[in-house]
Amino acid sequence: MLPAATGLHIGIEVAGTLAFALSGIVEAARKKLDAVGVCVVAGVAAFGGGTLRDVLLDRRPLFWIEQSWYVWSVLLLCMAAMWLMRAKHFRPTQRSMQWPDALGLGLFAATGTQIALGLHMPALISVLMGVITATFGGVLRDIVCNEIPTAFHDHHPYAVCAFAGGWVVVLLQWLGFDPDWVVALGAATATLLRLAALHFEWRLPTWKLDGDD
Amino acid sequence: MLPAATGLHIGIEVAGTLAFALSGIVEAARKKLDAVGVCVVAGVAAFGGGTLRDVLLDRRPLFWIEQSWYVWSVLLLCMAAMWLMRAKHFRPTQRSMQWPDALGLGLFAATGTQIALGLHMPALISVLMGVITATFGGVLRDIVCNEIPTAFHDHHPYAVCAFAGGWVVVLLQWLGFDPDWVVALGAATATLLRLAALHFEWRLPTWKLDGDD
Amino acid sequence: MLPAATGLHIGIEVAGTLAFALSGIVEAARKKLDAVGVCVVAGVAAFGGGTLRDVLLDRRPLFWIEQSWYVWSVLLLCMAAMWLMRAKHFRPTQRSMQWPDALGLGLFAATGTQIALGLHMPALISVLMGVITATFGGVLRDIVCNEIPTAFHDHHPYAVCAFAGGWVVVLLQWLGFDPDWVVALGAATATLLRLAALHFEWRLPTWKLDGDD
């Protein structure tokens, strides 16, 4: 039931992984971590979400353990980014990270949901697994850097976009679409929603307990 | 050896889960997280302890994956709580949370210990699994919210009550009591100890390294 | 392929575990945690790295679940340390912790790498597992205590030493050395590198994004 890993799938995974690794490098540099910290935070951001999904679903071996060139790629990206940051050729801004981050969000939400559906998980659980794949790399990155995860308090829709993309995957799979199209359309939904949310400055509701602090 | 999930067991689990979810909602609202953050922190508080126990013991599928109505219940509770908080009908205080929290503590400590005993774990490990089930939802909730876990520094007995309840379960199981009674008495021990600790303001010893900061 | 657990291996594991437990006790006391917090942070520091390694590699039962005297030893160490701290006979300083910590780092890096090699993991993954075993106890300890992990931002080589020790294990195993010698030489490499790094005040490069904060 699980679609064979086609070239499209692998390309998607690699693009998402590197996008998230880059977000980790930027946050680590901003927190003035050392070279080891940069590599670890990049690795946590890139592999954290998929690893948590696989641990929860008991899928082994983990994707980055089975295909260790993933780890090499992230290490090389870290080296290159650190060298460029030293040489001042590369100054990643919060803004410049939004595009690769939105892409990674959509890609991981779609593939995570599809993997869980392939294991015959119920629809809600599959969508949650997509959301976990897409967001927990960033959540763990922020926890390691001792921050409240931005996914939970920046008030712009983020996990919600992954949630919507996951339901698109569930729906299209149920309608019998081709697996490649399912992933592509689910990922596009989540990514475009995220970019729209940033562009139109949509905001999530917040709560405040009065007289509490 | 593992008792069949009776109606009593399921009722207990649901009560404990919702009590902890509520504690997550309150903390997330206090930290001014957005709607997604409220749902995630509630989910982490409700399912974190049991999930960590199951990952450590390698029990799959996870209880909330197998029975996805757990996740729906927590989502509905979050929706209802957020709606009520908006409408100002619901102002949870630290104090009002103590009763459901003490109940959840006792219930999860007892069922967690019993599950580990059913897998033929040694007594100390089983009790630890009960303590992990009962306390790590709250610990992970506090870590996500970027706080030192209250379980470790509020100086009122909390995990210690779960520890005591766990040993009651071990003792009664060893004496051959009926599984339902074992859980009920273990849970009552932990819950009552916790309520007594709050009422009489028992304090745990602390340490301070002189001249250190 | 996996070497039988000889007396040397067990002695090494116990020494490393107690060294890391002690580092947890000291940090918990410094953060003014209560008695439960001291025990939990000590347990997280002592067992966290090996547990994460085993969860990632899907090795069960976990070592401290299979051999529960590990847990008893750490509990006893906590009791003794708390009693001594109360009586002011024991004032652990940051400096006094450096030796046992460096020893634990080397020992866990070497045994972690060897365990992963024994499961036929690729070289890079095995070394990473050694680094995770050696450093994530401390990382989780710092996360629980709400600090940025010192392993990532104190700018002195720490994980890098474990990394080097892991590659020594890979090389010697590949050359066909006796497993005991492999562990001993790998551990010695990491420990001595760490002590040299502290003594000569080697520093890791850092990055700073200009105009960013």
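When the chains are written out, they are named A, B and C in that same order, and each has its own residue count from 1.
Convention: a residue touches a chain if its C-beta (ideal position, glycine included) is under 8 Å from a C-beta of that chain, and two chains touch if they have at least 3 such contacts.
For clarity, every value in this text was computed on a predicted model and none was experimentally measured.
Undergrad: Chain contact graph: line, ring, star, complete or other?
TA: complete
Undergrad: Same or different for subunit B and subunit C, when you check if over half of the residue numbers at their contact belong to both copies?
TA: Answer different: the two copies use largely distinct residue numbers here.
Undergrad: Centre to centre, by mean C-alpha position, how many angstrom separate subunit B and subunit C?
TA: Centre-to-centre distance between subunit B and subunit C: 29 Å.
Undergrad: Return the residues of subunit B touching two or more other chains; collapse runs of consecutive numbers into ranges.
TA: 55, 58, 143, 146 - these are the residues of subunit B that touch more than one other chain.
Undergrad: So in the complex, the part of subunit C that touches subunit B is made up of which residues?
TA: 26, 28-38, 40-41, 51, 55, 58, 60-62, 65, 68, 71-72, 82, 85-86, 88, 91-93, 143-146
Undergrad: Contact residues on subunit B for subunit C in the complex?
TA: Against subunit C, subunit B makes touches at 55-58, 121-122, 124-125, 128, 139, 143, 146-149, 151-155, 157-160, 204-210, 212-213.
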